[in-house]
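The same subunit A turns up in both complexes below, where it pairs with subunit B and then with subunit C.
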Partner chain A sequence: MAIFLQLLFTGIGIGAVYSLVALGFVLIYRATNVVNFAQGEFAMLGAYAMVVLTQDLGLPYWAAIPISLAVMGLIGALFNLGVYYPLRHRSFLPVVISTIGASILLTNSVLVGYGPAPESLAGMFDFPGIQIGEVFLDSQYLLIIVVTILLVAFQYFFFEHTLLGKKMQATSQDKEMASLLGIPVARMIMLTFIYSAILGGLAGILVAPILFVSVGLGSQVALKAFAASIIGGFGDVTGAIVGGLSLGVIETFGAAYISVPYKDAFAFLVLFGFLLIRPQGIFGEKVAQKA
Partner chain B sequence: MSIRHTTVCAIIALALGCAVAQAASAGEIKIGMVTPITGPAAESGKYAQIGAKLAIDEINAAGGVNGNTLTLVVEDDQTTNPGAVAAFSRLASQSDISAFLGSIRSTQVDAMSPDITKLGKPVFIGGTAPQLTHQGNQWLFRCRPNDSYSARVIADFGVDTLGLKKWAIVHSTDAFGTGGMTALTAALKSHGLEPTLVQGYPNQSPDFSAVVLAVKSSGADVIGSYFTFENDLGIFAKQLKQFGVQAKWVGSPSISTSTALKLAGPTLNGTYGIADFAADSSPEAKAFAAKYEAVAHASADNFSSWTFDAVHIAAKAMTDAKSTEPAKVREAILAIKGYKGVEGTYTFDQNGDGLHGYNIVKNDGGKIVFDKHVDYAD
Partner chain C sequence: MPLLELHGLSAAYGAVEALKGLSLHVGEGEIVALLGSNGAGKSTTLRTISGLMKPKSGRVLFDGKDIGGLHPESVVRLGVAHVPEGRRVFPGLTVKENIMLGASNRPGVSRRELEAGVEEMFELFPDIRRFSGALGWTLSGGQQQMVAVARGLMSKPRLLLLDEPSLGLAPLIVQQVFRIIARIRERGTTVLLVEQNARTALSVADRGYVLETGRLIIEGKPDALWNNEEVRAAYLGGRVTAGV
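Moving on, here comes the complex of A and B:
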């Protein structure tokens, strides 16, 4: 029983990480109908920003977080201008290739600057975690779970109950209609990229103490997050969260009770299952794909 | 007629010019080096170059090889197999290079091996896959202990010195980790032991709770591990502590690298590791470590120690043979017995393996302390 609960906790913890990155995928997809394959690199950059600020510049941890997130916002804006905006009138594929190119560029730029050896980043809390009977609750995982819950609540409130959120949602559903209604579409997309980059950066900062900071950090998480967002229903915020959490739990239990070497396979088996039986995912899309 | 005359003159002049150029470089013996200058391993390539250059400076300061100065010609392998093959062929085309330093990566040595056979000149390597020197390529000379020794040292140390019998083997499922697991299982069998748990994991796993809980419920009192990447090792070490596993741990070299210490910190305290280079293992190693630190401003490790040894062995062989002729140099290398290098004592066998043992180091409160050196006669 203790082992079961321990696995459940770590499964949810790692699942929450997938969820956070999946949220970034979903937001950009909703705004632009494009999959941003550099979303994982946002996480990697956020983590490196923390390394630079706390270790190289010696800033205190809590001051470094808002600065890192601001840097990520700037990167998101530049990403929009450089990677998406010039290709916005092209079809799906050129933009996707453009994001893949950006991802390769970002990884290798960091490799040049920082080298391949992973860096370590301290956790946000000094205490390692809470021991309840046989079960150990890692403080960083607890933090990740709490932040994920808060972000989901914020996101729900923002998109459903604020004018700006509704404008962004309208943009994602039908750009032409939105611009006819006087919504500044380009600005809405810009905001989405900024927010997604901040979100990705935050995910990176949160997982860095667990996974360490290396150029592979992004791809390590992004592929699973991508699978999670498909399972949840691409383009759906709740879907990203539910998909991420269930993927984390499934692969942790699969590893423990079936096979560790095939751990990564479980995630993709679930993905195949969904693509075969319910390709729209658990929650489906809010708007059906336009012909 | 006059045109032909001019051409002939020009050719003669060119030939003379070449002869003059060659005569100018007669007092020089060149060593070619294939090493990563770009790509993910560029950092370690830098260390390898510093090690080789330190050896070259020492040799030249002591009068060179048979009165000739030693120089190094470096080509970039880009940390890839095709890059290594291309770099080697660029060096191989320079006929005045007498010996080569190949790669520390087994897969690259494998890729270069056919060209090395074709060229027929001595190439020193650092890759540790045992089969590299066992496939009939007589021009490969290894300056690190191969992996068949690492498993024996882990098993012998754990069973004989620590007196532990219930083994859990944790290994990466890549070629290195699986090879290590197979060798360690065999080494334990020679002690009459069957591991209680053999647990593979895929590289770059974000979470090791399933592996750690398997170790915990197996009741093992010692872990033997083959981790390829330090970040995996770091996550495993941390969760091992969190889930209260008390077993001792003897790991492959990645457990005592500076990266592992940086990432895993105190969670590695009290663990044992095997290392081909340990600064305190001999006076030679100590002297090298001091020299290296003064130049590189970093601690010496096996990336630089093997190239340092390789250059010295090449020079010694050419001095002993009083020649740079490949066949004679090869004979001289194979005749080396009991040469004290910084990685250990070299006695080359007929396969071209120079070292036959490992150092055991202990992580004592975050400091890597030399425990003992184990050498095998067979």
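Moving on, here comes the complex of A and C:
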């Protein structure tokens, strides 16, 4: 039982990171109908921003985190202007290729600066964690879980209870109609990119002390997050969260009880299962075709 | 000076010329019907007025100011609301949210003003009040049409562009929608009404224009248009026995 709870805790922690990146996928997909293949690179950049600020510049965590997030917001805005906006009237494929290009560019730029050797980042707290009975709650995992809960709550409040949130939803549902009502569509999409980049960056910042910080971090996390959003039902916010958490738990249990080397394979086995049996995902397409 | 004037307006979808030098005017307080068969260019006319399409040539004068080629977001801020073909109610938002967003053209509008505006719309459209919390996609066609019109009115427009409000509705609902259009004008809003259902449209309109393949065929008073056998047979789909 103790082992079960211990694994569940770890699985939820790592799953929360997948959820954050998956949320970024979903928000951009809903706003622009395009899959952003550079979403994982946002996580990688967030992690490297922490390396730069805390190790190269020697800033404390409490200062480095908000600065990193601000930098991520700026990167999201530039990404929108450079990668999406010029192609916004084109079809799906050119924009997707543009995001893949951006992903390659970002990865290789970091490679030039930091090389292929991974960096490692210290944990954010001095105290290692809390022991409850036989279960040990690692402080970094606890932080990840708490931050994810707060973010999900914030996001729910924002989209369901603020006018700006409603305008962003309207934009993602019908851009032409939104503009006819006077909703500044370009600005709504800009905000979506900024927020998604911050979400991705935050995932990278949170996970950096657990994983090694390397240029491969982006694709490593993004593949899982992408699988998570398909499992949850692509385009569904709740689905992204549930999908991310399930994936984290499944791969943790799979690694513990079945095989450690095949840890990464479990995520994709589950993904294949869904694609075969329920391709629309757990929460897929609740909105029926328009009357 | 008319509230809206189109001068030699042309517009195209790539190589398809949908409007070829259209001129018309709508006076303040009028209901003007824009008629014609499928593909005549009626929707294109409204899309060019509201900024969804850029004119290829010609001018769109609203209140004397050339608004041709402005973004839709700017046009609606000047007081032109476009309720497009197919109603386009946001499927994943509630009726109340849909209506509220209609005021997005008014900067700094307070939550209380929004609530009051929604309340006013529910008084104008009592049938949709009980669906206030229902998601857009769950509504019937008639209910969606009322939400779409209410949403358009929330911008407090001087000119309302309505594209085929009767499309796909049961005859009884059509009557109801047209009574509402008459009331909208009584409230002081000018209406440019696009319809294929010529008879019903002419029953509320002050004047009408008939389009074919992007050109104006004839304009006139409802009786004159309806009683012109040739026009009626060729463009209005009317039977000889029908009257206004």
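Criterion: the second predicted complex is superposed on the first by the 284 of 291 C-alpha atoms of A that agree within 3 Å, B and C clash if a C-alpha of one lies under 4 Å from a C-alpha of the other, contacts with A are read in each partner's own complex, and residues count from 1 in each chain.
One rule holds for everything that comes next: contacts are C-beta pairs under 8 Å (C-beta built on N, C-alpha and C of every residue); 3 or more make two chains touch, one makes a residue touch a chain.
Predicted model, so just to flag it, every value in this text is computed and none were measured.
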For A:P261, using the defined touch cut-off, is the partner it touches subunit B, subunit C, both, or neither? Pick first, second, both or neither.
first
Identify the partner contact of A:D174: answer first if only subunit B is touched, second if only subunit C is, both if each is, neither if none is.
second
If we overlay the two complexes on their shared chain A, which of subunit B and subunit C does A:S214 touch? Say first, second, both or neither.
first
Contact-wise, after the overlay, does A:Q280 reach subunit B, subunit C, both or neither (first, second, both, neither)?
neither
Classify the contacts of A:Q55 with the two partner chains as first (subunit B alone), second (subunit C alone), both, or neither.
neither
Tell me the contact category for A:K166 with respect to subunit B and subunit C: first, second, both or neither.
second
For A:F136, is the partner it touches subunit B (first), subunit C (second), both, or none of the two (neither)?
first
Of the residues on subunit A, which ones does subunit B touch that subunit C also touches?
none
Give every residue of subunit C touching subunit A within the complex, in rising order.
50, 52, 71-73, 76-77, 81-82, 84, 86, 88, 90-93, 97, 100-102, 104-106, 111, 114, 135, 137, 139-141, 144, 151, 155
Contact residues on subunit B for subunit A in the complex?
40-43, 173, 199-202, 204-207, 209-211, 213-214, 217, 230-231, 234-235, 242-244, 259, 262-263, 265
Quick one: in the complex, what on subunit A touches subunit B?
3, 6-7, 10, 13-14, 17, 111, 115-120, 128-129, 136, 138, 207, 210-212, 214, 216, 220-221, 252, 255-256, 260-261, 263-264
Contact residues on subunit A for subunit C in the complex?
163, 166-167, 169-170, 173-174, 176-185, 287-288, 290-291
